[in-house]
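Below you'll find the structures, each written out as structure tokens.
In the two assemblies presented below, chain A is common to both, partnered first by chain B and then by chain C.
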Partner chain A sequence: MSFSRLEDRRLVTGAGRYVSDWHLPGQLYAAFLRADRAHARIVSMDVSQAQAMPEVHAVLTAEDTQRAGFRSLPCAAPIPGKGGAELIKPYRPVLAAEVVRFVGECVACVVAQTEEAAQNAVEAIVIEYDDLPVVIGAEAAIAPGAAQLHPNIPGNLAIEFETGDAQAVAAAFAKSAHIVRLDLHNQRVAGNPMEPKGCLVRHDAGTGDYFVHVCTQGTAGMRGQLVATTGIADEHVHVVAEDVGGGFGLRFNAYPEYSAVMLAARITGRPVRWVASRSEVFLSDEHARGVSSRGELALDAQGQFLAFRFDFLNDMGAYIAPTGPVVAVLSIRACLAGVYKVPAAVANVRLALTNSVPMAAYRGAGRPVISYMIERLVDQAAVELAIDPADLRRRNLIPAHAMPWPTANGLAYDSGDFPAVLEHALEVADWTGFEQRRTQSAAHGRLRGIGLASFVEATGGGAGPDEVEARFGGHGEITLFAVSHSHGQSHETAYAEILSAVLGLPRERFRLRNGDPAVRLAGNATGGSRTLHGVGSALRVLADDVIAKGRELAARALEVAAADIVFADGRYHIAGTDRSVTLDSLIEQHSGGAVHPLDTRSSARTGGTFPNGCHVAEVEIDPTTGVVEIVRFSAVDDAGTILNHTIVAGQMHGGITQGAGQVLGEHAICDRQSGQLLTGSFMDYPMPRAIMIHGLTLAEHPVPTPTNVLGAKGVGEAGVTGSLPALMNAILAALRTAGVTHFDMPATPARIWGAIEAARAGDARRFAYDRAQ
Partner chain B sequence: MSKVALTVNGKPVEVEVEHRTLLSTVLREALGLTGTHIGCDTSQCGACTVHLDGRVVKSCTVLAVQVQGQSVKTIEGLAPSFDASGARLHPVQQAFSECHALQCGFCTPGMIMAVTGLLQDHPQPDDQQIIHGLEGNLCRCTGYVNIIKAVKQAAQMMQA
Partner chain C sequence: MYEFSYVKPASLDEAAQLLANHDDAKPLSGGMTLIPTLKQRLAQPSHLIDIAALTELRGIEVTAGQLIIGAATRHIEVATSMTVRTALPALAALASTIGDPQVRNRGTLGGSVANNDPNADYPAAVLALGATVHTQRRAIAADDFFQGVFTTAIEEGELITRIAFPLPTRAAYAKFPHPASGFAMTGVFVAETGGRVRVAVTGAGPGVFRWREAEAALADRFAAESIEALVVDPSGLNADIHAPAEYRANLMKVLASRALRAILNSSEGAVA
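This part shows the complex of A and B:
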């Protein structure tokens, strides 16, 4: 049978239900007045004209949210800071009260009969600002004399983390034969899921319940944040979601608009709907990356790695988003020394506040920051020591027999065969045939480069167990409930296939309803590539629990002791006889009541694991135009046991392409003087299009993990974690042949051409990011 | 306000619209055809792609008053034989599903409408024609790899 997903039929026929497809009778429309400047004091605001407009039902400002008892949007640090320091939390209001701190921050919310009327009324609000000095970029934020964003955060530095052993690293550096240093900048990008965010809120004045239809990656986390912000009791907040049009990390947090629309629904007594325009998405969706980093690698005379030392300075934007500190530090900590058997490593991670939209998770969520740093640094070492980059890695990879491997900062890699993955990738990429291809490219006037990246990434973290529930309904339909919400990852198909394989029932019998507020489960959001081993493991447990319950029913039906019954291929057999009963017939026999005896709630708590891979990129550069073409890309990945090869390949394609998008041009540029977003539409922000990658080859190299019952490691973020460094290593390899010695992303034609021209004029580092900028 | 009469998915409809109302708004809000999606505000993403008198257009770039007397086909009308019981899909819809050319599915209706148009112009498209034909449609999930594969498979299916 050819591939198809259970969710596909509705999605290819236009029958999906995304947030903007929901309507409720009597609904009103919200629109937001957003700050049009990056840092200013609000001197006065007059909403009277807007309020008096026909069709306008309400205009909400900070006064209203304060009266309603709203608090700051939540944030927290996942681990203590250096020396036990705590995160200094900026106060982030739902609607700005006295000061606006980034272009796009919500100031007022208009509710009207139509979307157009709401927008017109927004324009009728008269607001006077007193501009304050603007701080753009983390270096500027922590520079002496920089303007302060928040009164409680001196020097705009919210927290500093340290992971690893600084003393051991210093000792290793002291005895090293070579030290390689590299400064890199991982630019600010906009995640841009294709569905713009939005919400539709209904308030029931009788019960006090709020029904919040919203784009989400997981209902439980979304609800918790809404509760924390609005102060409304948890049992009164019901998050509803069906189809979600992409997320990549950006749909985890409860944006301030959602709380404002909740208040609007209560005040007007009508359902209120708000859907962002793409311009609003650019201005107000969390951005990501934005990390200036410095890496140092100490080696001995034989090219053995002795120690890594890193410094990461994060531009967090104007406030700390809930997932911001997690992204900034946890992946650095988990993957500190990458795939290498380096005895000492340390990283310093600082979180600085700037006058730009807050930063949070976007595909990879810190993994592409540490992998990019490590793998660029290793390539730099290969160049400086004149060692083949594959060979330098070969000398330093953690051998398979050393698993589980205790990392330099006290974690443990559970499994993996990094050397075999490297060799596999070199073979798939025809690494040794490169010189011939380079000669051919040169004959056409093209610079050709090959680059590789060996990486490990961390998945499976989670705040607690994942609960799942199965309800056996009429017509043999089994409804599944879980928290982790699909925004493209094929949960519906994957869950059904896990259960189908164990229970011997066709996968079409399973239905997933994971955004149903009537069923409250504990669980984690979709994120950190964890759903398959978190929820998937819980489903595997559930399957066993169902089989055990069914065995009791079968025992009664067959009139034997349960211990004499074995289950296989959907059928309970009396061992050693030909007497049996199918699970299916037991489901049918016992259906009809309010509760089915097979209804089951199960849970699993899984540990973290470490998918890993080796990606090899090959690019051609036209030195006359600066255009970079990705001509080959080979990705070999250990994602653990793979349940559905097609879905896994789809995740790899998407992740690799998002990395390519950042490498080749994506950049959320905030003007350094005004703080205005200069790349605020698809006209200015180069999203990947269909021509991005040629010659993409994937290969699996699975090493099952012992950390969960499925052996699965997760795959959502491996693509970008590998492609970012592999592509830049390939581009720099090509540029080196033209005399360029350093280059920071993005590799736009103008920057590439400029770098080649500058190198000709004697400046080999013109397009390095300037930390003092 | 103006009255506009048009045919949508084979059925005649009449709607009253403001002069500034977009075709995409009429389809989604007045007619409830929410398979046509809005992904941007600069006519870049193509999620709102429909057919207007057999031509591929971005419905966010067409004013409703412009379509007087014309015929619109949306994703809901692409496979008229489709029903909830699982009848046949249009070959492009089927190819998208079989090739895993969709993940979150938000860009998919627009992609499919664009691809059906592409295959009208080029029944056996080469890579360049496919890339050119997909230029106006953005997908954030798939990296386009399987979309390109689906275009080729659909072309084969429609040839057969």
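This part shows the complex of A and C:
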């Protein structure tokens, strides 16, 4: 049986190795006592009963982590705040010391002979709390008189950013003919990777080394965070990982549990293992989005955009996760005015602390927040000005000849043909045939709507270079090492195909080892859709380096000067003769030693770039039940040069569907009074399903980027960045035909039905249904 | 999970004896509800008495105008049984909407009815069809069996052995699946049996209930229009993060109408 991806046989036959597949002799099991309330002072905690239980080896509390010299989990702001303000960092302990600040926060860690014994001991811990007032939602957090979460963060506001030119925007608004305003909420969601987070830690008392088997998106970043938290020297921390079952951003950061288990392994002298239950995933995996926003668009009398003004208020949860501020501000900054040639734009971004699980990166990492805001605002403008939404966009898109385009806040888009992508998408979607389809739907009592979104993505340049290494082993097998960790992105196939194409060796010869602690490389984690152009570029460099080394070997074999040799199709030729030697035979000839002369470590540093696209969604709504059906979805994307069409299609399918999940129902709801998570299981939290999108058509519209040698722009997140606004624009277009003028996600049947009923009754609030109450 | 002893009795008598001997013993049927409860540490039974393979609790047959299904019959068996599909197609169709294939391959009729989840599907059929729930001790009429959320007439140590469904002249079930769980956000079973119409609603209220206004309206005129003319008072219906009571009140009408259209537009009383 043949598989289109190199990793597929392993993964679909159950031969993948995830954290819970690792076992070490003598391992113990950890379990955590978690806060069962959202905000409370710990009055007393008695672990003596738990400690005395027969199979219990240790019960760790904040006292132990303090004694071990543990510090706050790290966080930082990627850019300075408004007026140079710094991020006020909340202190986030590994185990809560005096105060618990969200339901699910770790308070104590029990280590026992079995998982059951550990859980039993957790239940035997006696803890007394003194409840404090609970703050849920960012608006509540910054309201005057709100309870304060951290003593050093007045008003629960950790930092305020500003990007763009507020004065230029004010001037543009002053002379505008129309101003369109829209308030939107991008709800809190729970990512739920299929593999629950977990770790297995072995401590070697002799060397002081820790081997941390863990779910990760990149070992280097994970190690850095563990080092920052535990204070253990970098050279003693070894992160080990093979397969990772999904991440979406939620497997980037080092969760507090990992540091606690490291300490547990040291104290007990035994390997300690912990794998979260699905309930723990809901309660303690980082959540995402949770942004209240206001957008304003100023237009002239001809419908030309003059300026954008945005305000984003972020619910960061109880602490600031390392990736939290990055997600909150960098994508807004990078995509501030979207695909439009608007001369002025500004965004204000505030980070507020609330009594809920911290927020972090999640597929799209802020781009679905800004794309959603911009594209809904543009549609709103089209409605208010009675201009066809495609036409309004046409009038304002950055033309291809204007590339590279300097954005309103001083960045530059390197390449792209936004108008052509729009026209391509309208054609694929049969935009002009919509009215006929609407009539057909109406005959069945359905409301039909079409919506589009033109968007730009920003894929990461990374915080530093990406190193890669190739080792030439026996049987011609070439093992590759890189930091960026695959948690579903087909790295193995993509890397092998890049090298295979240049070196002329079959792709099956390449093996990927991502998280091997024996090979310490610098590099970025998987995130920001940057692996192909980051690591891929490094591999392209590596291929050239290997060819150069091989040329020396070929020169010796052919007894000519290296300068006389050319390499093509896996073969070194003496120019102008028929004498040659294959790379393969050189690999073979020189194998057998501890190191192979072709073993190579290379690196590349690539800049960020801007994938873009236009997605067109079409929905049908049953007004009697409020059920939304996605009947057509057309996505045209410029992901730059495409190396593997199947992988790209897979990423688009997943991303589009993930967006559909948030649009149609996902919502991590915390009770406003108690702060309890009301959607803590799959019985209450609707995950997107494969059958959710009908009539999905993808089309490529590649405009290679000059920012990296591959010309690739990245595709991991474009699906969700496009589908969120396109779907909601389609839903709102359908709802408008029933008199509904405003609607926030999620478009659950009950909320859609309520909005239609309210419009029918002429009273928008009558059926308004705030699910968080 | 907490620790428990697992016992697999060879007969119904032995199962009943085990339950009588151990105060904290619980019958285990398909385990689709009980096992997750144990994993969450929400229950701490001393013994699990596995009744899933007891021959006395299995089997599907039609006798004397009744469809009789053993309590340990799995959802998949009800959904695919030719006997059920011929005699009571609405019930086969209902069973095919329960959960997902894994759940249908394990979950059982008896377990579902004994559990009486307010959003479960089977209770609507049992009540609308006026079925009789048999235990090793007695026969209980559907109208007396369901007593509110997760509460039934079953007593300690009592086991559902089989359920006898009178065969209706026409029947259909319409379900609105919960977007997350797949259970019935609301489900309406309409049945006409021996000239009498019964309408049972699950999911909308605190436990399955008969919708008397709909029954009266349909007795007058067996048509979707009779339902559409009704006004449903949402007070007393369920309201939660997923939907307000008004929405469930609306679903009752929408689903009852669908069930009626399915009955009137097809020879088979399928799920709408």
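Following the convention adopted for this analysis, the second predicted complex is superposed on the first by the 760 of 773 C-alpha atoms of A that agree within 3 Å, B and C clash if a C-alpha of one lies under 4 Å from a C-alpha of the other, contacts with A are read in each partner's own complex, and residues count from 1 in each chain.
Rule of thumb we're sticking to: a contact is a pair of C-beta atoms (placed from the backbone, for glycine too) under 8 Å apart; a residue touches a chain by one contact, two chains touch by 3 or more.
Since the structure is predicted, the reported quantities are computational estimates derived from the model, not experimental observations.
**Student:** Would you sort A:402 into first (chain B), second (chain C), both or neither based on which partner it touches?
**Tutor:** neither
**Student:** Which partner does A:748 contact after superposing on A: first (chain B), second (chain C), both, neither?
**Tutor:** In the superposition, A:748 contacts chain C only.
**Student:** Figure out whether A:490 sits in contact with chain B (first) or chain C (second), or with both, or with neither.
**Tutor:** first
**Student:** I'd like to know which partner A:690 touches here: chain B for first, chain C for second, both or neither.
**Tutor:** first
**Student:** Mind working out whether A:279 is in touch with chain B, chain C, both or neither, as first, second, both or neither?
**Tutor:** Both partners.
**Student:** Looking only at contacts as defined up top, I'd like to know whether chain B or chain C touches more of chain A.
**Tutor:** B
**Student:** For A:195, is the partner it touches chain B (first), chain C (second), both, or none of the two (neither)?
**Tutor:** In the superposed model, A:195 contacts chain B only, not chain C.
**Student:** Considering only the touch criterion stated at the top, classify A:177 as touching first (chain B), second (chain C), both, or neither.
**Tutor:** neither
**Student:** Could you tell me if A:575 is touching chain B, chain C, both of them or neither one (first, second, both, neither)?
**Tutor:** In the superposed model, A:575 contacts neither chain B nor chain C.
**Student:** Quick check on the superposed pair: does A:79 touch chain B, chain C, both, or neither? Answer first, second, both or neither.
**Tutor:** So A:79 meets neither chain B nor chain C here.
**Student:** Counting contacts the way the document defines them, which residues of chain A are shared by the two interfaces, the one with chain B and the one with chain C?
**Tutor:** On chain A, the residues that contact chain B in one structure and chain C in the other are 116, 277, 279, 682-683, 687.
**Student:** Give every residue of chain A touching chain B within the complex, in rising order.
**Tutor:** Per the stated touch rule, the residues are 2-5, 7-9, 11-18, 20-21, 116, 192-196, 243-248, 275, 277-279, 487-490, 646-647, 649-650, 653-658, 681-683, 687-693, 696.
**Student:** Applying the document's contact rule, which stretches of chain A touch chain C when the two form their complex?
**Tutor:** Chain A reaches chain C through residues 116, 119-120, 123, 277, 279, 624-626, 664-665, 669, 678-679, 682-687, 748-750, 753-754, 757, 767, 769, 771-772.
**Student:** In their complex, what parts of chain B are in touch with chain A?
**Tutor:** Residues of chain B touching chain A: 18, 28, 33-42, 44-45, 47, 74-76, 78-79, 82, 86, 89, 93-94, 96-100, 102-109, 112, 130-131, 134-135, 138-148.
**Student:** Which residues of chain C touch chain A once you look at their complex with the stated criterion?
**Tutor:** Those residues of chain C that touch chain A are 1-3, 39-41, 176, 179-181, 183, 241-244, 246-247, 250-251, 254.
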